[in-house]
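Residue numbering begins at 1 within each chain, and the chains themselves are lettered A, B, C and D in the order written.
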Amino acid sequence: MSVFEKLQHIDRRVTYLLLVAVIAAPLIWRLRLPIVVSPAVRGAYDAVESIPDDKIAVISIFWASGTIAENQPQTEALVRHMFLRDKKFAILAFDPQGNKFSYDSAARISKEMGKEYGKDWVHWGYRPSANFVPLLQALPHDVQGAIGKDYRGTPVAEIPMMQGIEKIDDIGLIAEVTPSQTLEVWIAFIYGPYRTPLIYAPTAVMAPEGFNPLDAGQIEGMLIGLKGAAEYEHLLNRQDFATRAAGALSTSHILIIALIVAGNIGYISSRRRRLQS
Amino acid sequence: MSGMRASGRKAEKVNPMIHANWTVTILEAVLVFLILYKIFSARRGKELYIRKIPGLNAIDEAVGRATEMGRPMLFSPGLSGLGLPTLQALAILKHITSAAAKYRTRIIVPTADSVVYTIAEEISKDAYSAQGVPEHFNPEDVRFLSDDQFAYASGVVGILNRENVASNFMFGNFFAESLILAETGHQVGAIQVAGTPQITQIPFFITAADYTIIGDEFYAASAYLSREPTLLGSLVGQDYAKAALILIMAAGIVTATLLAIHPAWAAWLDWLKWLKP
Amino acid sequence: MVNELFSWLSNSHITGTIGIWLAAFGTLAIYSILYKENPVYRLAEHIFIGAAAGYGVYMTWAQILKPLWWDKITGGQWYWVLALVTGSMFYFIYSQRYMWISRIIFGALLGLVSGSAFKGFAGINIDRIYASFKPVYGPGMGLGDILNNAIFIVVLLTVMAYFFFSFEHRSAARRMPSSIGRWVLMFAFGAIFGSTVMARMSLLIGRIYFLLHDWFHIAS
Amino acid sequence: MFTGWLIKPGAPQWLWALGVLGDFLIFGSALFLLLQLVPVRYRKALVVIITFLAGLIYSVEFFVPADPKTGKNFLTGLIEQVADATNVVYAFALGLGIYSLFRFHGRNLARKRSGWHNSSAFFIAFFAMMLAGFWHDLRPSAMSRNTYNMLFDGIVAALGATMFSIVGFFIVSAAYRAFRIRSAEATLMLTAAFIVMLGQVPIGAYITSSLPTAGLGSLFKLENVSYWILNEPNMAAWRAIAFGIEVGALAMALRTWLSLERGSFFEREL
């Protein structure tokens, strides 16, 4: 078999091994691949920076274990940024798994950065997604009444950082981290009537949902999947999971492209040879 | 019914229309009329022309190959519960099981929904009785595997490998597991015919299956295979319905263009707003 | 012995570690299919199907039957017992003689599915029809918009032309729109393929990270 | 009967269970006997009528104009109940699926067919997961919650995520095999996939990062080209395919509703 024929028939097991190798390498060793921060991510970053001091941010969690690889790094990058700039925030989950994951993430980062639950951040717990719209309708008028108790079962009215947080005007930013079509609901019920700034952190496949609102100014910024999280980490000067994973994303895509090119080189050359002979 | 499936990207946005307005009522009445009119004229014996659909011709070829090789076939009716795509899949299943019963070729039908499983079992029993060989029907070949998306996929992968399947049919609603099934089918050397109304999954079937039925060829399948006058008439009626949609859109494009050039004509050309949701 | 087991189960650190080891072995067992079918994969497959079915039974009770059925009956709405009677009709498929009773419930379900299609059709398509009314030219439009709209219209019409089944495309000129349609389709499918790769790779990266980080404790 | 009159809200759960069972037997036998009265030649007609009536509920509710004040018409209340009832009835069918699994794996065990130990693993996993679910739900404690989390995270979630991630491997082998420039169609598919793939990852943005961020040049940045492909030609093609599929589904619904789909599912006489 000639080289060109071999290029056409690489055993699939070899390609799988190569794939594992190119993914594992950037995860184990630091591989500094260039990261270009897109304007959408920059917009999200600036929106967090400009939350007024007397207002809190809300991070809405819609994701579960299925999209943890994309949505958890986004959530963690946002949480880290808010802790870094002393912005107070509340997490609100609409998925039972996301509820637990987001609490664990925030609690870990809080401990790492020396922050205190109830003073610097709060977790509002889980609401079934069926209550999504009713909650969004109630929230603007009476935040504490709509939320009731937090993740740990404490009434939010008794939580120090929730003092004075009563109406939608006391919320300075909403970040939606999601794998589903939920952005429209936030736009319809919150951004539309009250103009509360929104940022959107969807999975990569859901990103097309966000371009129109971004263009129309309905959202301040957007973190597209793992890549968006990596760009955000870049802005925070950190190299957490997303940065390494973004390296792995690049290397795995390069592998696919290289394999396609190799297959085609083999195909063209062997065809040419067949024509000559 | 069955829960959300991980599918990757969602289609364009869906606006849940609560009740029909007059435009919708008239539009749907026109479409329904066109389809029913063609069905009844076909039933009266009008000859109808249908173009060739190569993927569907391949079904008989695949059945023939499995029969020659004396190896079983596999039919997967997709992941969804009882809905229109699944009904169409079951209609195709009926055609294939009838052929299987005729040639005494074994066909395995793993399902992902209890109700679909029930109907599939009924269809298979029926097909074997109709061919006069009810004793050849093996109830263990129509199986409920799992209503978990990826548990189902793991089970089908196992069956494809262990049973040495010669022909693999995938018709119905498939999501992210489409490529798992089709690529495994390819690896075990089965001849594969696939069709799905899930647009995101069509590219994966095209790359991994031998024949892919694209778009609404899926809904044309039962007419094409059975040559039942009712179904053929319906297929022609669908063409007329699509032509009606094209006419409406062409008129809309012309009107929108005229309005863009002469905004003053709005008073005469405001029919567009009837369709505004 | 039993007490020891209970004290282990009460310790979330121990159960968490066991969970990680279970997950790690399961992950490797499933990946072993990539080499070839083998007994380890087969075992993982059966455990997975079993656990998923058990989980399904529990979830069906917790998310559907309890809130929508049991709680209603015990709340005084006795007529929900009839749902059980109706549901039992499925089970007649196993009887030759009374099999026809199951057809009644199939018929009812098919009717419900088809009756809701009108609503589904309108919800999905009306917006899209309206959004397709794009002007091809206007004084206020930039070159980009004009080109984009023209491309939109050509693509829409040629692809729809490809899906006509009953018109004969005898002459080459008549065939042209539908063959352009087919090319456009292939281009679009390529784009869908390409746009899915990143999401799928993210999942795989997540899985490999789990093995390296959570289980093997490298790559921290 | 029992649940309506004899057992009142507040009664213990086991009493309710008995009552439901009793009522089920009474109503079930009544319906069964009633159905025996239907003459054989009318059975098919009965099924056709029930299909049609069931279809009427949703379609009439959709087409009858709603009261502008409440947004509801005379059927809206009913369809909410029907939706719940459909879910409940559908849920009862799960037993058939479980029966199918038990029959298959039970026979494997009983006949000691090859792979019978896998079937026993199936049963163990089934009962362990199901019981852990009910245990943590009905008797919440640290122990039950830990056990449930351990089994759910360690088996159901982990194996699901792993099976899902296998798509990542298969995308590589499928792309390598299929994306050859054999024909115009294959080449078009390859080109689009190539551009979009590059446009989505950081490395793609880097390749064309020297192009200006505004003006004509910015149009050729890979991420912008990829975005344009997805949002212009791809969206139009998607919409066109979807129109066809939706019309096909509508026709299918129509035929099913009116029972015109003769011979598509069943042939045997009732």
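As a working rule, contacts are C-beta pairs under 8 Å (C-beta built on N, C-alpha and C of every residue); 3 or more make two chains touch, one makes a residue touch a chain.
Just so it is clear, the model here is predicted, and its values are computed rather than measured.
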Per-chain Cα centre nearest the global Cα centre, belonging to chain: C
Centroid-based (C-alpha) most distant chain relative to subunit D: A
Between the pairs C-D and B-D, the one where more C-beta pairs touch: C-D
Length of the line joining the C-alpha centres of subunit C and subunit D, rounded to whole Å: 6
Separation of subunit B from subunit D, taking each centre as the mean of its C-alpha atoms, in whole Å: 15
Centroid distance [mean C-alpha coordinates] between subunit B and subunit A, Å: 35
Subunit A-subunit C separation of Cα centroids, rounded to whole Å: 22
Multi-chain contact sites of subunit D, meaning residues that touch two or more partners: 62-63, 86-87, 90, 93-98, 101, 156-157, 159-161, 163-164, 166-169, 171, 173, 175, 177, 179, 189-190, 194, 197, 200-201, 230, 235, 238-239, 241-244, 249-250, 252-254, 256, 266
Residues of subunit C whose C-beta touches two or more other chains: 30, 33-34, 42, 44-45, 48-49, 51-53, 55-56, 90, 93, 99, 106, 109-110, 113-114, 117-119, 121-122, 124, 128, 132, 153, 156-157, 160, 163, 185-186, 189-190, 192-193, 195-201, 203-204, 206-207
Shared-contact residues (touching 2 or more other chains) in subunit A: 12, 16, 19, 66, 68, 204-205, 208, 227, 249, 252-253, 256
Subunit C - residues contacting subunit B, complex: 30, 33, 37, 41-42, 44-45, 48-49, 51-53, 55-56, 90, 93, 99, 102, 106, 109-110, 113-114, 117-119, 121-124, 126-130, 132-141, 153, 156-157, 160, 163-169, 185-186, 189-190, 192-193, 195-196, 199-200
Subunit B - residues contacting subunit D, complex: 1, 6, 11-12, 18-20, 25, 28, 31-32, 35-36, 39, 81-82, 84-85, 87-88, 90-91, 94, 111, 113-115, 117-119, 122-123, 126-127, 129-130, 139-140, 142-145, 147-151, 153-154, 176-177, 179-180, 182-183, 186, 197, 199, 203-204, 206-208, 214-216, 218-220, 222, 226, 228, 230-231, 234-235, 237-238, 241-242, 245
Complex contacts: residues of subunit A adjacent to subunit D: 10, 12, 15-16, 19, 33-36, 38-39, 65-66, 68, 204, 208, 211, 227, 230-231, 246, 249-250, 252-257, 259-260, 263-264, 267-268
Of all residues in subunit A, those that touch subunit C in their complex: 13, 16, 19-20, 23-24, 27-28, 68-70, 203-205, 225-227, 241, 244-245, 248-249, 252-253, 256
Residue ranges of subunit C in contact with subunit D within the complex: 6, 9-12, 15-16, 18-23, 26-27, 30-31, 33-34, 42-62, 64-65, 68-70, 73-76, 78-88, 90-91, 93, 99-101, 103-122, 124-125, 128, 132, 148, 151-153, 155-157, 159-160, 163, 181-198, 200-201, 203-204, 206-207
